[in-house]
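There are two complexes below, and they share subunit A, which is joined by subunit B in the first and by subunit C in the second.
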Partner chain A sequence: MQRGAPTISSPVTDVLTSPAPRATPDPDTPLGALHAYVERLKSGELGSLPVIVAMVGITVFFASKTSVFFTATNFNNLIGQVAGTALIAIGVVFVLLLGEIDLSVGFLSGVGGVCIAFFQTQGHGYSVPGLVAVLLSLVLCTLIGAFQGSFVAFIAVPSFVVTLAGNLALQAVIIRWVPQTRSITIDDKYVNDVAGYYLPPAAGWLVAAGISAAFGLSIAAAFRARRRAGLPTRNLTLPLIRWGLVSAVGFVVVAVCNHGSQHGVPISGLLLLAMLVLWTWVAGSTTFGRHVYAVGGNAEAARRAGINVVFVRLAVFMISGLMAGVGGVVLASRINGVSSDQGGGPLLLYAIAAAVIGGTSLFGGRGRVIAALLGSVVIMSISNGLDLIGSSSWQKYVITGVILLAAVAIDTFARRRQQGVGR
Partner chain B sequence: MKTISRALALVGLLALVVTVVATSASATRTAKHATAQVCVLLPDTKSSARYELFDRPYLDKAFKAAGVSHTILNAQGDAQTQKSQADGCMANGAKVVLLDQLDPTSGKAITDSVVAGGAKVIDYDRLVVGSKASVYVSFDNVKVGVLQGKGLVSALKLNGKYSQHPVIAELNGGITDNNAKLFKQGYDSVLGPLYKSGVFTKAKAGDQWTDWDPVKGQTIFTQMLTRNSNHIDGVLAANDGLAGAVVATLKGKHLNPIPVTGQDATPTGVQYIVAGWQSGTVYKSVKAEAAAAAQAAITLVKGGKVKTNGRVSGTPSVLLTPVWITKANYKLLFTDGFVKRTQVCIGAYAQFCK
Partner chain C sequence: MTDSQTPTLQLRGVSKVFGSVQALTEVDFEVRAGEVMALVGDNGAGKSTLIKSVAGIHPFDGGDVYFDGTLVHIRAPRDAAALGIEVVYQDLALCDNLDVVQNMYLGRELHGALRRLREPEMERHTAETLDALSVTTINSTRQKVATLSGGQRQSVAVARVVMWNSRVVILDEPTAALGVAQTAQVLDLVKRLAEQGIAVVLISHNLHDVFAVADRITVLRLGRNAGVFERADTTQQQIVHAITVGITAVETPAVRA
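Right after this comes the complex of A and B.
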């Protein structure tokens, strides 16, 4: 302040003259990142914390009840049990991000499975090799998703109604398509291998090393890109820690899978990982992904910003259809065929509950693809653990329902906190 | 300064990795001893109440008496769940799995994975045709169907309609259920010749396979009544649940009772029998079936060979004999402890119990 200058008091000068705020630690350092994380928690952005707490709780509970739960064999089993539901849940996450719902994913995955089973059956003139049948099935499921999405995108029919109608229609299609014997066996080795094949241990290590190398390269590439763009390159400590964690997790998972009685990493697990990486990249690092979050947050604002809301809506239901189809491949592969009830049972509820429990908001605009995996792990580990200790089915349903309710309650509560803090 | 902090970061990273690997090593320990030597995979609760009402407690008691550790699970009609339960059984170290399949495809897949894991499969009550199962334990299901067919014929002879070309409706069970096919084989062997010779007339009908669902059965039977102008003289219902659906439909339309068959000797079925709405039911002592299956499982666990008395579709089988229950001999159920008198002779039905 210059001596003798007039002392005008106003908010602007107050800001200029008030003492500098205490410096928050640089979020690029480990300590700073931790501080920023705690601040986010306090303001209601809980992220995956509730799910991880639930996971730890479930593991501790079942490990205390049976010595078999926390073993390599069971871990490997769990991957196989999670894969189908989680793949479908990835599609559900996208739909929920828009604030819509897709009630047809259960039987849509069933239709996908039936399509594969039908086309790979020999002797009726339409037979094709198993993998071609898989491709056909994925195209079919995406088209069905597009068909349903077009009602939502072009005519603005509520997605609840469209997909509910789709659910009924697809169930009828499955009953009609599966012939009189009411189940079709899949003989194709490749299709059955999707859920039945485990990588030899050496191959598993190669995959873990490959993942570690790929992740390291992506960090290096990002670093170099920033350097080339002339931007200040950030502290490497955090990315290195992240790389170390990812590599460690990769090698540990392979070690555990190799140690179990299945002697290897399941293919369905690798498929799930590949899909998670792909769709996380789409949701987080592409323009389309940003548009999805924008439309989900506020469709009208997105429209005025020039985003093609109709295309986004259509595309999201196509993604939902596609992922239901991918999940359908895994589910059909698990039982080496399809029954007239393929895609039924608790599958639909588990897929949607998985996305919600994992942290996707039902109101749209918030959520990450990884939620599909986290929620599926919670649900399937409850089912897995209760089966190991021989509990009745009703306990499974009650516990899963309670956790789903808790997840939505936490999400709603966190949302209110966020609004209070102005985020 | 920067190099030191970076070096520290790398050391910390290494320590983290080592810790994580070390803790996960403890997770790689596999269970040293089997926590359940025998695993029972029940199919559902929709097709029949017997699995939770009778099979579970009888099997539980039999295994406990023999000191064999066991787990009893119900897949609630979902093939994916049954596969997961089978995987859990193998992780628990099961030596024998009692499988009650949901459909032939998943049944075969589960049998294959269990056998590949080194355990033996006993097909309990439902057969997976051509699978790697060691034994099939069940009632002679063709004999069950024959009893139903013969029971319907004698009921029609009793009420005099036999010689008047009665119109007969059939409500079959679940089309994926191999047992349902065997029952049909049995009653077709009795009814077929009678249709052919013109003694009986077949009711006009569409799809008569009910998935063992009484609600579906009611819909199908209502449509049959409509198509046949309410003129149906006898119903071969494959089980008591379906018979109950027929009785409810008849009562709802204020029609007179007609001969209806059943199976499973449920309390409701017995009530209808004593009240005259149902002609009879097939009594399959689940106690005997569970005892035979448990015995087979215990024999296999101890490494012995199971004594079989037949072969069904190539699988060595232990086949038990069913009994036809009518108003004349229903008290046998009470003495056997299968149904309690207090479950049947209550309310409006008390007057019928002599």
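Right after this comes the complex of A and C.
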């Protein structure tokens, strides 16, 4: 019944200031919201605070070590590095919301890339246009997700085992089809443009303006919907502050991208933005998203409430497969081809760590899609910084491992804290 | 409270067997609109079996179920839901990670095109339902259920079933885990349900609670109906006697007081 832009407002912007429970003092005012935020922190709902603290620390540390880190060109480079991991991590967020896990997303993204490379390569007998190859690859990845998910949904095999087996099988596929030490090159312009094309500066500004306008409209639509339903409308100060922050972030990012040596926003960044908005909407504003949270929070209660738990589980593993495929497109596009180690290395760990570091609980039911972005930014900026100061890969592994462990420890601690607060 | 009124839900001679265990034998049971019928009995007396069968979780093996005087067959939970029979189980079946509104509409969310949730409407109806039941202890309907007290959680679980135009509400040990003040809150809520014309079945071990709110009391003993009592004409000793010893071992269906 409500018209207007979908209300993506709250899940996205909860990062900055969540709609607070109505306690004393009135959380509709900025001061009250601050009070409510502190209360939530005390009760173990840390939100994105650890990420913000970590990012400040990371930036200060690497900027003091190397002059290259805090530059526009490196920022643009970082977007490209973040995009692939974050896209995969979006799917991981959904799986974690259910309280499940998907250990196959690394090599699944690799299979997605290999599939594209195969279908568009001249002389392999397929050579379809690049975008058709991408479509085929995404369908394949979704089906692989469905296949794995069906074991979890229908016969309740622990997802840990199913996807660990899937991880091995998918790695086998890559080893079988990509010659050792040789990569398959992707020649298709459109595929390579996903990570290699940068918007003209003017188009970048338009995108930033579009984000600002769309976000403003969604706030207005939510406000109007509440008034029309006869609910007390909230004080507009907080939404306006949020709108200002989001707009500012949008314009600053575009400004920095335009200022770097590539002179523009990469397509992969836009793709990531579009996917974040889409899946944030699905998770936060649709019945399906609500059911994902419900199943993750209390599967038995969800079942008794008439929610089709089997369908929700299956669909979530399909989303995970699809997003691994989308991430695979970006990763293949970045190197204009696929290697025999496509999707391997630390990618799986990065994607899962990103979701958890961003604030998604491993225990199900808590987290937001934006966590995929926040966590990826933390991990990839560390990886990026360590590369710049010339660290070796063993050091990167150790540090990433420590961060993952810290994130899970914080999550576990926060969960215990929350249980303590109830009753 | 006259016998001439047709019971909303009436069971006649229902039985249930699990393997070699006769859980229910020829049990008669009824509840009328606007009354609180307590269902009491010792552990293993068949209370849980009775309500689970009414809820369609495992259907009766024998006997008849009448709803508003019409013979009905309840074979699955959705049959019970379609009739307006709702059960609030002891574990409440709430999602702690969701807020009050989200729990109230769990599985039956209002949505528009593209399955988009209609949050403002759901929030308003939730507030209205809580108001109608005089549940004033919940500050914000956007509070996560994890942050609520036991009594508040019970209120949410009860309000949830009331919102769906239920005719029969079965409460399984609603006060078992609660302190004194919260028990009083929940018992108040039980009375208000009946005042709204709902047929309420209250399962409880606590005879004090039963005598505080029930209009009539059905006693189950070893899977049989050991008597139906008018609360006003009965003492706790009589009920205890019926629960532990039974009235007259042979005489079922039971004496109507």
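Keep in mind that, in the parts below, the second predicted complex is superposed on the first by the 392 of 423 C-alpha atoms of A that agree within 3 Å, B and C clash if a C-alpha of one lies under 4 Å from a C-alpha of the other, contacts with A are read in each partner's own complex, and residues count from 1 in each chain.
In this section, a residue touches a chain if its C-beta (ideal position, glycine included) is under 8 Å from a C-beta of that chain, and two chains touch if they have at least 3 such contacts.
A quick note: this is a predicted structure, and the numbers were derived from the prediction, not measured.
Residue contacts after overlaying the shared chain place A:301 against subunit C, while subunit B stays out of touching range. Taking subunit A as the reference chain, the count of touched residues is higher for B when subunit B and subunit C are set side by side.
When the two structures are aligned on the shared chain, A:225 is found in touch with subunit C, with no touch to subunit B. Contacts of A:251 after superposition on the shared chain: subunit B is touched, whereas subunit C is not. When the shared chain is aligned, subunit C comes close enough to touch A:293, but subunit B does not.
Shared-chain residue A:285: touches subunit C; no touch with subunit B.
In the superposition on chain A, no residue of subunit A contacts both subunit B and subunit C. Put simply, subunit C touches subunit A in their complex at residues 77-78, 81, 89, 91-98, 102, 106-109, 111-112, 114-121, 123-124, 127, 139-140, 142-144, 146-150. Note for the complex: subunit A touches subunit B at residues 30, 66-68, 70-75, 77, 80-81, 84, 180-185, 236-237, 240-241, 244-245, 247-249, 251-252, 255-256, 259-261, 331, 334-342, 344-347, 380, 383-384, 387-390, 392-393.
Listing the residues of subunit B that touch subunit A in their complex gives 5-6, 9-10, 12-14, 16-17, 20-21, 24-25, 27-31, 35-36, 71-74, 76-81, 83-85, 87-88, 90-93, 102-106, 108-110, 112, 117, 175-176.
Within the complex formed with subunit C, the residues of subunit A that make contact are 1-2, 6-7, 19, 21-23, 43, 225-226, 228-231, 285-288, 290-291, 293-294, 296-298, 300-302, 304-307, 364-366, 418-419, 421-423.
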